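One structure, pasted below without further comment.
As written, the chains take the letters A, B, C and D, and residue 1 is the first residue of each chain.
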């Protein structure tokens, strides 16, 4: 199929635009998303095209925005609520955890909540502890939520379109560093189903699992490792919930080694959960423990050098892969 | 009864009977439900609506098919006034598969989205954003349906009150926030929770049409609601209504409510909304004691049937629960 | 040392009472905690003893209560905020995640937040999806928070007293089923430091890690397994953050087998993280993968039979221990 | 200048000079700071307080040692008015170990708890509960210290506003909520965020003494704050003050602010709080242009020194960061 190069943010915009065109009950609200086109320019042009009923600016009221989004979804619309930073989603946690995630069960299965929270996380350029978090683990733990973390423009578009057609609450987590990155996106209707991982690079020696902004970094590491004669398979689950366990397990059964890379801090992160699954499913076939490369267990500092030190870099991934191959036995584990 | 009910356009017998039937049905549901609770047939939380029946009754009478409601932890009354099937309600409380939520939800989570009932809620204050959301969905979808969130005095000190009512206001949504001010949050008196106990003022402060009404008078509630619905359908919503009322007992079935002063309780019992509805039917529509007794017996029988039905209903099996859980 | 039998709630009350007596800047706020003595009767009698300045009822405003608690702590007091159900703490997540947990780092180390949130979680008697959660994983993931989950009256008292003397924000998570349970509590000053696990039963065949209400259940399972000739070591970390990794690792190195039991649902729970640590530290010494016994990944249903089915029972623990010993090879894993 | 400043008790030269020095110091800090930002020396967010200097200046002048303040994302002005060391502020913005937070915090997180500064905040609205908390701590500890939270129009639609101000009210805390209403939240005009732009009414609705004041007049702010502090120390707090003001530029350094109408901006520039403070010093205390120029030069030099100091300061090393992280 034909394809074009798009920026991540353009791909997101295309998804919203196409689905708004198809379904009149899709609408979007957020701070500065209408007239100004949004802080990340994802929603530029949508106000002009779809009008102020379907593209609305809001006051600074995250709990309210998320809450009315959930209510609108329950009542049959398909709201997208843009939250500027995933950190601010903490203000709306009650609505996410206690309402959106619970409603289907509490109604015995009849109620559906096709609510989408689009937001972004991760470190980037000294925005400090309250604007740099990677909080996917909090949503990942709550049954009922879908957790989506696209790493490429094509995935961003395909997953957002899918999100707008399914019926469960979706935490759609973008990354501040990815908005301006470019990639090929198929022309025409392009949809990526939830629960299908993507092998971003085929390899045979070690399986590396990563997502969001850790994918480009991991691919760089894989490139460097290839030069060292090590063949790395890079898996991007794309959706953390549902998780493509099959793809992960099959790859690890093949490589007998597994490294997981996450930007979020180590303790209680999604990487730990995936590690627990891998060791459960592949224990007898593995040649080394699962290695986790993750952020330090500390809030992200403002200082740029420290910020960088607090989250995984390419070299950390390279070192972990080598450790899992029992190379450099006397090198210390990097934090 | 309210002044409005005595005006030139005297209410019809049909209307008066409907009001009485609804209020009485709630009364029976709660009174008999408490017995089931005490027998151990109902578990978890049970917050009776006794004493507040006038509000749900009057309010729902002013709404139409296609409208939406959202409710509280004290939600049986709203559900019944909205026309719910008592069988499915009792079955839910008895954890049965034939209940509104197949026994997954229980008292605090009965919902029926097929008729616009967004449900009771275990989180105080949560019904407000959910209701505003439904009103927003309706505006986006071009419907003129009105959404009413039944809320509480307790929820009025919660952030959701300000955030969601303000959103409703800037978007002129067809939304009515009906605050049932019963003077208590569990044992905490409203005077301890706020300096100004006139909660409707909080709507005025953000430019929202706001009223205060005697919540123990179903007719007065009906009138102010009718007006609020008109304001909404004219595109001038939202509206806030504060309905003053009182609980006839403790916070939940197991709360003896010792902190409620006897004279306060007596005062409100004299202003019993069910008694008012009965008196109105009797006096204004000349309905005889016998006819009223017949209505009451009919409602009591309906409840007894519902209990019978529920007792004979199966529970969801752990196996089908496990199936439901897959992919949750 | 002499000791007496106390209920869990009495032990908690003693801790608060003693520390309020010692330190005038300790105070407590919560819904119905003053005049009524609290929904769990932990604070009974404190209003009479310490007066309305230090024992206060609040409106229903969890975000505000937690927020003012954090502010009071920053300003040098030692607030305890009682939240009726851990589920409701979701309303105050911003203050917990973005303020309390971050302040020390954001001030370069000068700021301290001796804030204590006491609350309770877990299933119990049909209180359904919004009143039954075990949410420790959410706090566990956020660097800067201390997460405490006592299983006995003695631990409850000792840990709460310690919490009131240290300077970091503490999520003190009680369990609704434990308040009326009894246990021996040492007389006099009884303090339990954070980060020190407790071996609740010594054993040699399998290490089982559990906490909070899963401890009594695990001890029953251990009893039954003992009758089957299997010797189980039961470890209660008591504080999940900081975690006594040393005690856990040493035990697993001894038994070569590990089972983790948590009431919270499986996906992204604390058990997964502990499993990831254990496989990392003990991989080459283990005879079986770490087994996790956890709640199902679904909100807790109202129906009591289903509620019970949704969280680990004694038999689930017994089965997992036997699996880790490669017994019953044809039995299916219990959910 | 404000009417109060012209009354019988004409303000002293000392007072007038202090007001001018503070306002001007903020002006220099922001103007020069923006240059450093554009040179790439400051990273992350930088929200200038330009145009709003009158508020922090007037408010802090009414407070005493031992009092507390909490601030916003636009926090430099509050910090300076509270007497912060400009050296340590600049060093913080330059990510240096000699900064208030050793470079861990940056512009949005400067705090100095040793002098009761609870800090700037990256979460809109968060300063309100934190400030109420400090006021609560002081009440528990028997102190009569007053806590002021500088807040914003944007934060007034947030749940924290209602919840925490209400808590302050029921407990009569020594708390002042100073809402700086600059008419915008980034590009969103206040008229789009609420139906009633008179934010002080929200305090009245919950029984809180509330005032509105011209935020561009440091003397008017001082007077109303002095009164608010008295109310508090008399045990009758909290107090809400809405100060109307305007930003002199976009939301942050990189926001061109094209959405701000030229005439609106011109209107407020004519009511520049720094100009007012200068004029007051000149006219009411007969200070010569030369003397004023000398003060200005002194302040400029202080800032230049701070930049020099900061540039020569070291950064925290990753090694000592890793040490700090242990056990976090």
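Operating definition for what follows: a residue touches a chain if its C-beta (ideal position, glycine included) is under 8 Å from a C-beta of that chain, and two chains touch if they have at least 3 such contacts.
For clarity, every value in this text was computed on a predicted model and none was experimentally measured.
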item: Distance-maximising chain from chain C - centres being C-alpha averages; value: D
item: Selected interface, C-D versus A-D, where C-beta contact pairs are more numerous; value: C-D
item: Centre-of-Cα separation between chain C and chain B, whole angstrom; value: 37
item: Separation of mean Cα positions, chain D and chain B [Å, integer]; value: 46
item: Separation of chain C from chain D, taking each centre as the mean of its C-alpha atoms, in whole Å; value: 41
item: Chain D residues counted as touching two or more neighbouring chains; value: 101, 103-105, 109, 121-123, 157-160, 163, 166, 170, 192-194, 324, 328
item: Residue list for chain C, restricted to those that touch at least two other chains; value: 58-59, 61, 63-64, 87-88, 91, 94, 98, 105-106, 128-130, 143-144, 296-299, 301
item: Contact set on chain B toward chain D in their complex; value: 157-163, 166, 169-170, 192-196, 201-202, 204-208
item: In the complex, chain C residues that touch chain D; value: 24-25, 27, 53-54, 56, 58-59, 61, 63-77, 79, 94-95, 98-99, 103-111, 143-144, 242
item: Chain A partner contacts - residues on chain C that touch it in the complex; value: 63, 87-88, 90-91, 93-94, 96-98, 101-102, 105-106, 128-130, 133, 135, 137-138, 140-141, 143-144, 241, 264-265, 267-273, 275-277, 279-280, 283-284, 286, 288-292, 296-299, 301
item: Interface residues, chain A side, partner chain D - complex; value: 31-32, 35-36, 57-61, 63-64, 87-88, 91, 125-131, 296-299, 301-306, 309-310, 335
item: For the chain D and chain C complex, residues of the former touching the latter; value: 68, 70, 99-105, 109, 111-114, 116, 118-119, 121-123, 126, 128-134, 136-141, 147, 159-160, 163-164, 166-167, 170-171, 324, 327-328
